[in-house]
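After this come two complexes, each holding subunit A, first together with subunit B and then together with subunit C.
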Partner chain A sequence: MNWLSDEAISRLQAASALPDFAGTRYRLVERVGSGGMGVVYLGEDTVLRRRVALKILDFPDASGELAARLLREAHILARLEHPGIVPVHDAGTLADGRVFYAMKFVEGRRLDHLDAGKDTLFDRLRIFQRICDTVAFAHARGVLHRDLKPENVMVGSFGEVLVMDWGVAKILGSNPENHSAGPRDENAAPAGDPSLAATLETAHGAVLGTIGYMSPEQARGEIENLDARSDVFSMGAILQYLLMNLVVIPARPLSAIARKAMATDREGRYISAIAMGQDIACYLDGRPVSAYPENTLRKIARWAFRYRVAIVLVLTYLVVRALLLLWFRR
Partner chain B sequence: MNKVAYGLILGGILGIFDGLTSWFTPEVRSQLLTIVVGSTIKGIVAGVLIGFFARKVNSLPLGILFGLSVGLLLAFFVAHMQHGYYFEIMLPGGLVGLIVGYATQKYGSSGHSTPSRV
Partner chain C sequence: MAHDTEIGGISGKFPATQWSAVRAARSHDPGEQRRALETIIAAYWKPIYKYIRIRWGKPVEDAKDLTQEFFARLIEKEYLADFDPSKARLRTFLRVCADHFVANEAKAANRLKRGGGAQHISLDFPLAESELTRANVSLTAAASPQRIDDFLETEFLRSLFGLAVEELRMFCESHGKKTHFRLFELYDLEDGGPQRPSYADLAAQFKVAVTDVTNYLAFARREFRRIALSKLREMTASEEEFRREARALLGVESE
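And now, the complex of A and B:
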């Protein structure tokens, strides 16, 4: 009798665990990762002959609630047509009953994999501005992301910035229980955390998000109190993350922007992602930042830095002119 | 800031300084105001011309050469009207043109419309 090797058995197990896309237009290529409630595979659209990312429900789902949530995530993505949000191409059900949706396959690197040596402060702030634009767009469409963090931002090969994983997004002005798109992901707030255990039992439902990036009101499970400022808090945490591991020490106005965004009292935060993005733009343009009051000396220093090239040119002229005057007088 | 505006402002500022340095020449000190106004106008005209050139031609050597030529030419006219001081007027004038030529090639937007950021 021939026995199967452990390796062969594990291969068979892996093969049997793969979703069966027979009867669909997609062909499975490889597993690329896992999200909030599903696994993401690289697939090929055999009709259009292009690569796609396929997100498939990967949890036992007797009630059908998770399937509904995955579909809801697809619906939310579909209503957010924006260059900073990965487009959904298709959604459906496999032969085994599992729900899936197909989206654009994004190649690039996650924001938490930025290179401290290569990615300058300017690069990081440009990326952050794109995130602000995208989140502001989602807010304008009445959608809160609720799990903004560096792991959920992809920077593409051509500089495109995409906010990913809208699995726990919330539609504003709707029943929070019905419209949160899914459970927290593997990095999200741990249910076993004693400080959060009580909130998990509240009438408002589960705590969704990631510790360190979620706002205090989100951590307390006050779902009905969440608004754009909750995502602004998470963006402040992302900005703080981007300001770390830099070759140069970030300027004080930038730290002030992050602090304002992460104010414990949400009244002290930026009112919107747009307002936060505008402060970043002001910093990049050498204009005053609302989060950082300046004294006269700092105003002069900022002005001098903003016009440093012109100042150097004028000084060069004056030096050369002085030398010419001395020469003429000889 | 577009290249023409950049050239105008820088040319104007350098023109002011150019005129003010005539204070160090006692023979013309009494005409200081006239000289400052004249050299400011000269700097502005040179700056605008050099700025337009920079918008059309994207070349640092050509920009510097054009700036130097315009600066020298305008200064020559001024010196010619003064019937003298050619060297004292043309050398700083050329220097202003050279600096503005360099600056407008290196800095300032071309002024053409660009697609908005997405």
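And now, the complex of A and C:
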């Protein structure tokens, strides 16, 4: 047997790691990152001549469990057609046995790479509203994300906001107690769909998610108790993250919204992502926020802030009028 | 090309997937156990020999004897019955066993008796020794506690890849794909430095199109990956351990 030098070993390691796209319409360009279940490569669709992101299960999986999970992620994404969710173009198995799916290649930056100097509070809240809309849509289709965090949100070059990495998503069951998921869409993933329901089959006690962003019930592995309010907890943690490192100190109502979303007892949280998004909209419009009870003084202050332009104009008019009166009486 | 040892499973006599030598080594079926030990020895004898040379600074002849006897005892004394895959990797376990074995041998100082009565395993020590020389390993530097683990890991990988390359060669020969293997050998295995041939050079040399070189190399690499992973699977006891090892050794996936 030939002796293998260190250089040859490195080349063989690289040959083992790179996916083989021979026989497909895709050409590998470069590796761009890794997600929960696989590695993401930038590729080129040689037929349509466009760039695509290729997510590949990049470690061997004899049981087929991980491959099935990756394909289910593709199936879930295919059902969730929304501007805030990256569209899937294709899915399949490579010649070397690795499972992959192709999706739109999103250029932009992750939410955890926001620029504290450039991204104002207003910018951040607008981004957060888009996240609320996307998550609410997924909930309406009966899908929980279960791993919402800044690293899984992309802000595109043209302002688009995309919620990524649905690898540990859960299909909500038909349990009537899941009312808090919000109104179910008529196109919702059916609870009995065997191709998707397997995602549900996460054993009690199995913890999926990210510490710091997952709800207490999720951290305890109470899979059967998860509902939309678990994602709401994660969104509260994201909001809290967005309120950090700002040039201005965030207003109390915003902190109150984050606190309410992250209540330890899920009964104390927003009932849905829609409700949370509505509170953010209220704050942006200068209207009362449900998470922040106001006394009369605070109501007046908020009212004054909301109509500050009109108030300044009226006051300016009154002052000028008074000055003119004084001038002519002299 | 001759095998460097008479033992080991490079002829495809085991199923390519799912079969675990680590699990089979603890089987009650003597035949199954024997084959499993042969597989483990084929992958580990060189790393262990080199480890004894480097870590313990043993001269060539002593290292040969110690390696022979270590694996003979591995077979006879059923060391692997004590191996718990949930607590350690196989190579870590073997390294600890080797350390105890060599230390005890030194204490007993019964070198003359070593090997007496133990079964003989045919191992190509001159080849292993020449590999150490070619690698230009600094014995003192590699023996440092910080580097010895890396050294053993690299040597295991070298041994595993060596077996996989050999099996790939046999596979290509038996399937009429000698050119595929030869291209793989020239482009991926040989050290050419700046003179490393390009795809165009290889196409001219083998009188094929450049696209054929690309396709042949893709085939050989794909088969190499398949074989290397099946070898690695044989050396692990569980699916989880297999995935972990595939990440650590083959670089598949990261972070």
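The criterion applied here is as follows: the second predicted complex is superposed on the first by the 284 of 330 C-alpha atoms of A that agree within 3 Å, B and C clash if a C-alpha of one lies under 4 Å from a C-alpha of the other, contacts with A are read in each partner's own complex, and residues count from 1 in each chain.
Quick note on the criterion: a residue touches a chain if its C-beta (ideal position, glycine included) is under 8 Å from a C-beta of that chain, and two chains touch if they have at least 3 such contacts.
These numbers were taken from a predicted model, which means no experiment stands behind them.
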First, second, both or neither for A:R27, with subunit B first and subunit C second: neither
Subunit B versus subunit C as contact partner of A:R50, first or second or both or neither: neither
First, second, both or neither for A:K299, with subunit B first and subunit C second: neither
Partner chain in contact with A:P83 - subunit B first, subunit C second, else both or neither: first
First (subunit B), second (subunit C), both or neither touched by A:D133: first
Touching partner for A:R287 - first (subunit B), second (subunit C), both, neither: neither
First (subunit B), second (subunit C), both or neither touched by A:R252: neither
More subunit A residues in contact [subunit B versus subunit C]: C
Subunit B versus subunit C as contact partner of A:T316, first or second or both or neither: first
Which of subunit B and subunit C A:L325 touches, first, second, both or neither: first
Shared subunit A contacts, counted only where both subunit B and subunit C touch the same residue: none
Footprint of subunit A on subunit C - complex, ascending: 1, 3-4, 17-18, 127, 130-131, 134-135, 154, 157-158, 161-163, 165-166, 185, 188-191, 215, 218-219, 221-222, 224-226, 228-229, 233, 239, 242-243, 246-247, 249-255
Subunit C contact footprint on subunit A (complex, rising order): 1-9, 11-18, 20, 22, 34, 38-39, 58-63, 95-97
Partner subunit A, residues of subunit B touching it in the complex: 9-10, 13-14, 17-18, 21, 24, 87-88, 91-92, 95-96, 99, 102-103, 106-107, 117-118
Of subunit A, residues touching subunit B in the complex: 83-84, 129, 133, 309-310, 313-314, 316-318, 320-321, 324-325, 328
